[in-house]
Amino acid sequence: MSVRVAVAGASGYAGGELLRLLLAHPGVEIGALTGNSNAGQRLGSLQPHLAPLAERVLEATTADVLAGHDVVFLALPHGQSAAVAQQLGPDVLVVDMGADHRLTDAGDWERFYGSPHAGTWPYGLPELPGGRAALEGSKRIAVPGCYPTAVSLALVPAYTAGLAEAEAVIVAASGTSGAGKAAKPHLLGSEVMGSMSPYGVGGTHRHTPEMIQNLSAAAGERVSVSFTPTLAPMSRGILATCTARAVPGVTAESVRAAYQKAFADEPFVRLLPEGQWPATASVHGSNAVQIQVAYDEAAGRIIAISAIDNLTKGTAGGAVQSMNIALGLDETTGLTTIGVAP
Amino acid sequence: MSVRVAVAGASGYAGGELLRLLLAHPGVEIGALTGNSNAGQRLGSLQPHLAPLAERVLEATTADVLAGHDVVFLALPHGQSAAVAQQLGPDVLVVDMGADHRLTDAGDWERFYGSPHAGTWPYGLPELPGGRAALEGSKRIAVPGCYPTAVSLALVPAYTAGLAEAEAVIVAASGTSGAGKAAKPHLLGSEVMGSMSPYGVGGTHRHTPEMIQNLSAAAGERVSVSFTPTLAPMSRGILATCTARAVPGVTAESVRAAYQKAFADEPFVRLLPEGQWPATASVHGSNAVQIQVAYDEAAGRIIAISAIDNLTKGTAGGAVQSMNIALGLDETTGLTTIGVAP
Amino acid sequence: MSVRVAVAGASGYAGGELLRLLLAHPGVEIGALTGNSNAGQRLGSLQPHLAPLAERVLEATTADVLAGHDVVFLALPHGQSAAVAQQLGPDVLVVDMGADHRLTDAGDWERFYGSPHAGTWPYGLPELPGGRAALEGSKRIAVPGCYPTAVSLALVPAYTAGLAEAEAVIVAASGTSGAGKAAKPHLLGSEVMGSMSPYGVGGTHRHTPEMIQNLSAAAGERVSVSFTPTLAPMSRGILATCTARAVPGVTAESVRAAYQKAFADEPFVRLLPEGQWPATASVHGSNAVQIQVAYDEAAGRIIAISAIDNLTKGTAGGAVQSMNIALGLDETTGLTTIGVAP
Amino acid sequence: MSVRVAVAGASGYAGGELLRLLLAHPGVEIGALTGNSNAGQRLGSLQPHLAPLAERVLEATTADVLAGHDVVFLALPHGQSAAVAQQLGPDVLVVDMGADHRLTDAGDWERFYGSPHAGTWPYGLPELPGGRAALEGSKRIAVPGCYPTAVSLALVPAYTAGLAEAEAVIVAASGTSGAGKAAKPHLLGSEVMGSMSPYGVGGTHRHTPEMIQNLSAAAGERVSVSFTPTLAPMSRGILATCTARAVPGVTAESVRAAYQKAFADEPFVRLLPEGQWPATASVHGSNAVQIQVAYDEAAGRIIAISAIDNLTKGTAGGAVQSMNIALGLDETTGLTTIGVAP
């Protein structure tokens, strides 16, 4: 048997990546594909890499079109998911790839998004403590942001093991696909090739409260986060350099042991051998997470670095992984740990 | 049942790409992996994107190591395949990803490679007229060069249909992985990023006689080829711009009809809708070929443009496709037409 | 004494590059800077690399604003230059970096641009036969297109020397800045990085008639041109691969001799030593032209390859070079042959 | 009058960039150019972007060859400068672009470089407090490392003004030219394009003690530094994200005021207007430094971000700037604040 899946927002980067993965998923059948400004267009002209779907035509994003599917993925601008989900009813698995249902604190939501909070859904990061249990059988899934995925996987083991003080400093580099497909001058190839630049500096990036939420849950106390995202001259990938002051008594061995324990049974997260460091190219197009950790004794800090593909594990792959768990399928179905490199 | 496969030259780009594809191939079991200078090293340190094989250790490239497999892929420097193949015996399927057995004319080989010709093997480009028949049941396969793959698929239909004069002018851009993994100053990232440059100009590139061989076979007469390869600032992909003077009476319609007919039943080659042009990003990591063709009436020339991934359809994907045919498997097993984009 | 210069269209790539060069020009004083949608904005927010002009504010593009300058550069969309020039009067040196006044044949203009022809101005490519004489003392200059600059310099010597038949096949790769600063989805960094793609295939690119015009003038007969432009994953640079069938009796020596003669006294064009090939990185940010030529005896074709910076020699540098000649200054004033590499 | 300059190590990236700048310097005459493995080769084949020097031939790096110049620049592997300098005598201005004479603490040197300390020379970062005075009339200059240049300029104002606690966390992204021109597999274009990766994590990078030295001098106490360098897919540029915990009472206004004061009279350092952030493309090929600073009240940290060209202000431009001061020339001679963008 296969589940029937609809994708709302099939013309963007998140929607395109999701379709790339669903086409390789043995347990799903791809149903309705919708867009807004692009409704009526052939997918082949919008997503020329998805050859098997080239002749499919995008429909409008309406409840009627999305009805009659077992699973509906929402790759919509934030603020639009709640209304659509309500119309789909409680028996449909709705996977929100947008931000609407990630935060547990309504005040955080309103502060960073300036609109009423739509509520909180089970959080699609199975690798978190209790993460899988929260997703099993769920009919609603909030897919994490790409930065919080990379950052949480890198630092949660340190907080869970009580190795780090509640103050993290994080600098992450992202490929330009993280900024989406809407044409903006600063995202032109001419502007980004050969250039690195920061944005959302000083705690203003909307992914900041989500990181604080995840790290604080692991630490058992509120973790303050200094987060600086930067735009890198590549299409995909996030490299997150995450540091936190070590508590007294930490050693390189105790840090490494904590990370080995945390990821020993994880199918997608790999703690690299000592001396080898993550590279975004190694996880390009895959759901894999490469992690390495070091303890800088002189500076008294733990440095945990993760590499993910922002569109795969950071968005669409994480969504499929969570869907698999919610549906009771093998968590790895349709996903790979093999990157496309060089 | 699954066939047992060995890969000689597993540390390079061609070998790495082959392993990436074989890991997704349901009908094969990966056996011995060999390297020369890299023998004894963990594959995880050489091919960090191949997570499932990270702990595999490279062995030396010897007949003993390669013996006892159903299929042996040779990703070796040219000149080394014949000797290895001989030791493996006639019952093992040997797939040569090197140049040794591609050319039918010993004189061409000696002129371009400066060594004795090792002989000619069935040619692994199933899309050529008679291409599949030549591979069925064969125990030896010569995988085409990456440029000849892109160029032959773009121009053979014009010659087969008798639309073009026997004089082609071809300019192709290749990603740097086509130049291999050996560290050379002109291939450093600092040198290639932001730069386009030609090489092997004036008919000196070793893939030239292979193109002439394929185009001449289709034309039924010797086709002269002016071929200029260029190095582009990207890791993968070939964009081949192929032009030939049209014979009298050609029209845009007759050209398009010929290409539609040529590729109607091809699983990997797609003639794009009119007005849409190939892009290497659309076939990144896939075995797909995107082709578009135009007739420039003012210049009197047919312009056929193809995009492939040089490592996939241009090397390892073409090798797997041909292996599938030789073994009697479905030709598309373990291969995809879906690119990793953006 | 220094000439007072105004720039209409200072917010785009051509205008920005022109200002970069004018800031280093000892003989000019930068006056009015205008934009349309950007009027009223600080240049520092639009062209952050032009630090000395950061506090300058763009004015509207009107005759009043542009009046009272010795030289006015027009970096405007095609179709707008003639009207502005008329209002400026005959004593102002007007340098049109747009397409309006390049073509001598009104029919060509109307066919490719679909509007009435504005007339022909002296052509700003001093390296053409008679090129300098046409510019000396002129009050109107039509700056060549970037592709015609690269292509004409590569092939004119062959035609002037009578070495080539009247049929050229040209494939050129351009950096994305050639497509301008207007935000379009296919020009997003996510789309162009790691990808090569053609456009304007089949003789439809608007620079085609300009190439035919220049090559035909050199050949003394109409030269047919098959031109295919491609978009390369880099911000700047054009690599033009230009081939033409050789006339009987041509030798490698006669070809090289013709090119040595053609460029012996050119300050910006350099025929590279045998065995060395052009690279766009080598001319990045400079007014230099690197050229190499080969004779492919087997194919019977001359292959001439040129590398320029599309924004410098291809646009703004060529404009300054021509202005220098028109004003009677040393042709090289404010320009360099030194590229910014790696 | 012009000073006669020799360059030892003219075939590498630092040497090439230095020559690019010296060619535009009105006060210098370029004398001997030396290399080691490259001695005897034409510079045109090694540095094809330096057209005016194409015919110059590299000599061996010996005292005889370097003798008889007013200024000798050493772009040599660390450990080689002291011996050469000694042979040149005390009256020649020796500018060491290597690491040998940057550190004041011999123990730091031995710990990070594993060889005896060669001694400390005046430090070529004029923007530091007292920086210019230390260089005036000096006959020896130690050019700072590229990372310490970017980091010190970003954080010294905060420490000088007493706004930050003595604990900095720094993550910097560098273009690949910072790794030099020696061909290494991990620096191949195929490896670096589309990839971000860290290296020298955990305080092991040799530039770490130099940063600590500069920041501690400004703070008046030892500053602990957590430094993580990352390799970015671009040829040039460093983006340094530098954070430090703010002392009590700090406000966004007090932070901005301190930075405005620090750079008010600096010819090359520009504090960007509020809301605008540095980009490496904006300083490409220039000696400019773009800086922006923010105070993250929630995290209690100051975030100062700087962008430089690692080869220009980070190496060769800083060397020329310091030479100008040592020789009593205008500090900005031969240097520009104008980047080559896009």
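Order of writing sets the chain letters: A, B, C and D. Residues in each chain are counted from 1.
Everything that follows uses one rule, which is that a contact is a pair of C-beta atoms (placed from the backbone, for glycine too) under 8 Å apart; a residue touches a chain by one contact, two chains touch by 3 or more.
Labels paired with UniProt names: A, B, C, D = N-acetyl-gamma-glutamyl-phosphate reductase.
The shown structure was predicted, so the numbers you read here are calculated from the model rather than taken from an experiment.
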| item | value |
| --- | --- |
| Interface copy of B-D among C-D, A-B or A-C, judged by whether over half of the contact pairs recur | A-C |
| Of B-C and A-C, pair with higher C-beta contact tally | B-C |
| Chain centre separation in whole Å, for chain C relative to chain B (CA means) | 37 |
| Chain A and chain C, separation of their C-alpha mean positions in angstrom | 45 |
| Numbers and ranges of chain B residues touching at least 2 other chains | 13, 175, 177, 188, 190-191, 193-194, 233-236, 279, 281-282, 284, 342 |
| Contact graph of the chains (line, ring, star, complete, other) | complete |
| Residue ranges of chain A touching chain D (in the complex, touch as defined) | 167, 169, 171, 173, 175, 188, 190-191, 193-199, 201-203, 224-226, 228, 230, 232-237, 239, 241, 243, 277-282, 284, 292, 294-301, 303, 305, 307, 342 |
| Chain C - residues contacting chain D, complex | 13, 16, 20, 23-24, 42, 44-45, 47-52, 54, 177, 193-194, 235-236, 270, 272-273, 276, 279, 281-286, 288, 290, 336-342 |
| Chain B - residues contacting chain D, complex | 13, 175-177, 179, 181, 183-185, 187-194, 233-235 |
